[in-house]
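Right, I'll just put the structure down here and ask away after.
We call the chains A, B and C, going by the order they appear; numbering starts again at 1 in every chain.
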Amino acid sequence: MGNQNDVILEMKNISRSFPGVKALNQVNLEIKKGEVLALVGENGAGKSTLMKVLAGVYSRDEGEIIYQGKSVSYHNPLEAKEDGIIIIFQELNLVSELTVAENIFLGTMPTKRFGIIDRKKIKEEARRALNELECDYDENAIVGSLSLARQQMVEIARALVHRANIVILDEPTASLTGHDKEILFRNIRRLKEQGTAIVYISHKMEEIFEISDRITVLRDGEKTGTLVTAETNRNEVTQKMIGRDLDEFYEKASTKFGEEVLRVENLTRKDEFSDISFSIRKGEVLGLYGLVGAGRSEVAETIFGIRPSSSGKIYINGQEKRILNSRSAVSLGIGFVPESRKEQGLVLGMSCKENQSLANIRYLQKFGFIQEREVSRSFQEYQDKLSISCAGPGQPVVNLSGGNQQKIVIAKWLSVNPAILILDEPTRGIDVGSKAEIHKLIARMAEAGMAILVISSEMPEIMGISHRILTIHQGSISGEFSGEEITESNLIHAITNLSVDAC
Amino acid sequence: MKNRLINFARKYPIVFILAVCIIFFSASSPVFLSSQNLTNILLQVSIIGIISIGMTLILINANIDLSVGSILAFSAALAMGLQTYGLFFSIIACLAVGTLIGALNGFLVAKAKINSFIVTLGAMMGVRGLVYIYTQERPIVGTERALIDFGSSSVGPIPVIALIFVLMLIAAELVLRYTTHGRNAIAVGGNYEAAENAGIKVERHVLFNFMFIGFTAALAGLLLVSRTNSATAFLGTNYELMVISAVVLGGTKLTGGYGSMLNTFGGVLVIGMIQNGMNLLNVHAYYSMLIMGLILILVVFIDTRFKAPVNI
Amino acid sequence: MENFFSKERLKNLLLQQGLIMAFVLLIIVISLSSDRFLTTDNIIFVFRQVSVIGIIALGMTYVLISGNIDLSVGSLVSLTAVVVVDLHDKIGPGPAIGVGLLIGLVVGALNGAFVGFLKMNPLIVTLGGLTALQGLTLIYTGGTYSVIADPDSTWYAFLGRGFIFGVPAPVIIFIVLAVILSIILTRTVYGRYVFAVGGNWKSSRFTGIRDNLMICSVFIICSLMAAIGGIVLGSRLMAAQNYVGQGYELRVIAAVVLGGTSLMGGSGSIFKTVIGALILGFIANGLIMLGYPYYVQWVVTWIIIIGAVWLDVLSKRKILWTWP
């Protein structure tokens, strides 16, 4: 495990403010050689900001960084990289049009005369790094053609080639499947054995306990403690994270179901999913559980008319309907809270009120003219109901926290009172407090008679809120569970019953 | 086999279009494939082609330059008008001014982060104004024989202007493929932030490319007047559209990150062949405009339809 | 209550209203040097000068707000002007205008279908349209000139040359269209959808807005405006030459961008566009009053566009500078 006392980097009393927010307040951090340090905290706790201060993306208001005994301050990630500190951002830093080898050497390509790239050297070194990471794919492959996990491995190969002393991984598993995660972890351990220090930013408890040696917890821009992983437990970490004990309590809606609202029969979309059949009743919460890429979102988007289906039938209230586009889906009483809030859920340039009213505005018009007073009243109503905290109806939605943004998306649909509401990863990337509120909201909506389809990759969530769970694996339904059958092992088995693609 | 053919056509639609052009025109006109006529086509497209080299780099960077026609006119006017100070001086001034205007555009795009469409739209208008101010709306005629002698000379059967174009094109293709600058161009256009984070001097890179396209426009202007020996105020009008058409026809993406000089060469040739072939067939030039417009739309159609599925 | 003239306030005013400030400054400078500049006659003259560009700019504003661009408007102006003028003596003014509008409708629907439904790049589609329509115009006329034989006896002349209470008809058309399009944009559901689609077409689709139909419709509006521009232009000239609208697309875009509508989509206003068009008009007019040749305006416009956009970029950086 290397020499545990060998501190390679120390951040002392780091503070950083953004307009209106103190993002970091007197934070101290120690990174030791050859360890995996988990940096945990809720969204907005300052994890990423702290690392961006280290890498020079942000400047610091006060504090000192001591690296290998010297005081340093970087102005951009490049300077940090040259010093052996590599940060791998959540959004991958790759050029999808270039090859794997070119990406590994991006910005630092060795050249011969006249700026001509030494291709042989690039390929050889890239190959060596990939071999070390047990990646068997071609170094000449175009990055854009690789899976997300493989792309991430390219970034890690980059760290390897540049002989990084410290590698910072910002939520690396956010979009990885189980198997890819294993490969990532194996490679993290390998780097660690070579003496590289790894900072692992995450909020997923299982992962932190699986991979880390020590855990540093941040809350609201302050460090609340550093724990040795082997000597602590989840409760202690969560307690430090949110300042109270987390009662993992999910509210399930009462099980009084009405008649069937939505029935899907043999829904198929070429190359994506096939023969999907299920039905939802009034007041029921149906969970759709599966790995990323199993076809969950695709099914939901097909029902909502975003993607055309190849074959299959959709019945709404017992009548067969053809859903040609999202407009007809909405007219039939379907609402959709999409997976990516910023890209699919909101128009970021618009205000809270405009976003909230975008779906129901067609009902708040007279002769085509918007009844602004009605719109404001409606916004007020949902702001109170969902306790959305924003400075005012005109505040740009861009400035809201993830939780409040998600509430606006949900409020947008509540205002048209759909019979069926589909929620795709409704709590991804939002803080624990808002998460619980959204779970409660889902239960309340179901009790009010909505039929709800929830997609999630978080097992506790899907188990906690659904009455019934469908598992989906490689585009087809692999199991259906309700009541007592809903257990962790049943679900895991159902979503992974076949081999998963290798790295 | 059929699939492979379709794949090839999808990947390099320009080769396909070029083949169709050649087959069609050579079938309908016996002189089309004569070496004399082919040389003619090459000569005709050289001016547009030289600017297209610069434009390809600009488009790979996910930028655009609308000011090339005006830069060409301004440089050409200077190359003619400054000959009273000596031929050498006029040539240097011509190329330097083109590069400088490119540098100004590049500065505004790279440093001030203003959309390149707007920057160069402004420059297109403004530089054209400068041309009018300088020429006073009168054509400027050159006095130095040496320039025209050079412009009308040939190396073997190949006109020197066409030779310059082809050599520059080959050099540019090599730069794009094998040098850091070329790979960085793709990185900057493909993922600006990643390029920046990887330590590529992005601003300098973009600035350089705008200077380069300014240079190519000026060189094109110089070569153009080396044949006509006269610069008018409206020289090069609409060249920006023809150049962009040629490059896009070749398959370079407006969204950046993809493109090649050989493709651009294909695009330039197609435009030249259509104009030339229509001429041979005694079809009025009006129809060639219509057809070029339709081909451009067709190429984007193929590209959108078969290559990139619309991801939601 | 803060100090009304605080430094912060002044700075914000300069940054956010930089354009209006530049406009006011420009007018003051020119009117100081020429006493004819601020006369009613001259102001009406400028309005009339910008009316055709202005009318097209109104439609272009819709297209830019929706996150697209239309380069084919200049060629469309040529085509409609040529066709309407040519048909005027053959089928009468009414039907000729009808044909002109129909051409606009068809071209707009085609552009819109390509960009909206087939998701093709608007810059290239309309660049292709620019070339193709110019070719069509030339094919239609065979390279000749269309003229209206008797300009004095047709009511068509009113559109470009007439006056209502001393205000030129093209100005009235421009203002009426501006008011209508402005109301549609700011007060109706349709207008809200245009903004939504321009801001984020994916989110719009996930909200049940038919984004492709919206995009198609803004192209139709834009082409109709270009057709109206061509009709008015034909009426003013009572003749049309093949290249009469050449370069209009860029002048129109310059006016809209100068007004402050972003090329990125999702923001902008008709009012801003009107201001932008007027600035272009006053620059041209003012410089000519000061005795400069007409082309000097292009250089000044260049400087002003860059200045205005730079200010805009600076102010955006400040406003959008938010917590990550």
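Here is the rule we go by: a residue touches a chain if its C-beta (ideal position, glycine included) is under 8 Å from a C-beta of that chain, and two chains touch if they have at least 3 such contacts.
This structure is a prediction, so every number in the text was calculated from the model and none was measured.
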{"item": "Pair of chains ranked first by number of touching C-beta pairs", "value": "B-C"}
{"item": "Centroid comparison with subunit B (C-alpha atoms), farthest chain", "value": "A"}
{"item": "Between subunit B and subunit A, distance of the C-alpha-averaged centres to the nearest whole Å", "value": "44"}
{"item": "Length of the line joining the C-alpha centres of subunit B and subunit C, rounded to whole Å", "value": "29"}
{"item": "Touching two or more other chains - residue numbers and ranges from subunit A", "value": "306, 344"}
{"item": "Subunit C, residues touching no fewer than two other chains", "value": "202, 205-206"}
{"item": "Shared interface positions of subunit B, touching two or more other chains", "value": "312"}
{"item": "Residues of subunit A touching subunit B in the complex", "value": "76-78, 81-82, 89, 91-98, 102, 106-109, 111, 114-117, 119, 301, 306-307, 344"}
{"item": "Subunit C partner contacts - residues on subunit B that touch it in the complex", "value": "64, 66, 108, 112-115, 117-119, 121-130, 132-133, 137, 238, 241, 244-245, 248, 254-255, 284-297, 300-301, 304-305, 310, 312"}
{"item": "Partner subunit A, residues of subunit C touching it in the complex", "value": "187-190, 192, 195-196, 199-200, 202-210, 266-267, 320-324"}
{"item": "Subunit B-facing residues of subunit C, complex", "value": "69, 114, 118-121, 123-125, 127-136, 138-139, 143, 202, 205-206, 246, 250-251, 253-254, 257, 263-264, 293, 295-303, 305-306, 309-310, 313"}
{"item": "Residues of subunit B touching subunit A in the complex", "value": "178-181, 183-184, 186-187, 189-191, 193-200, 257-258, 312"}
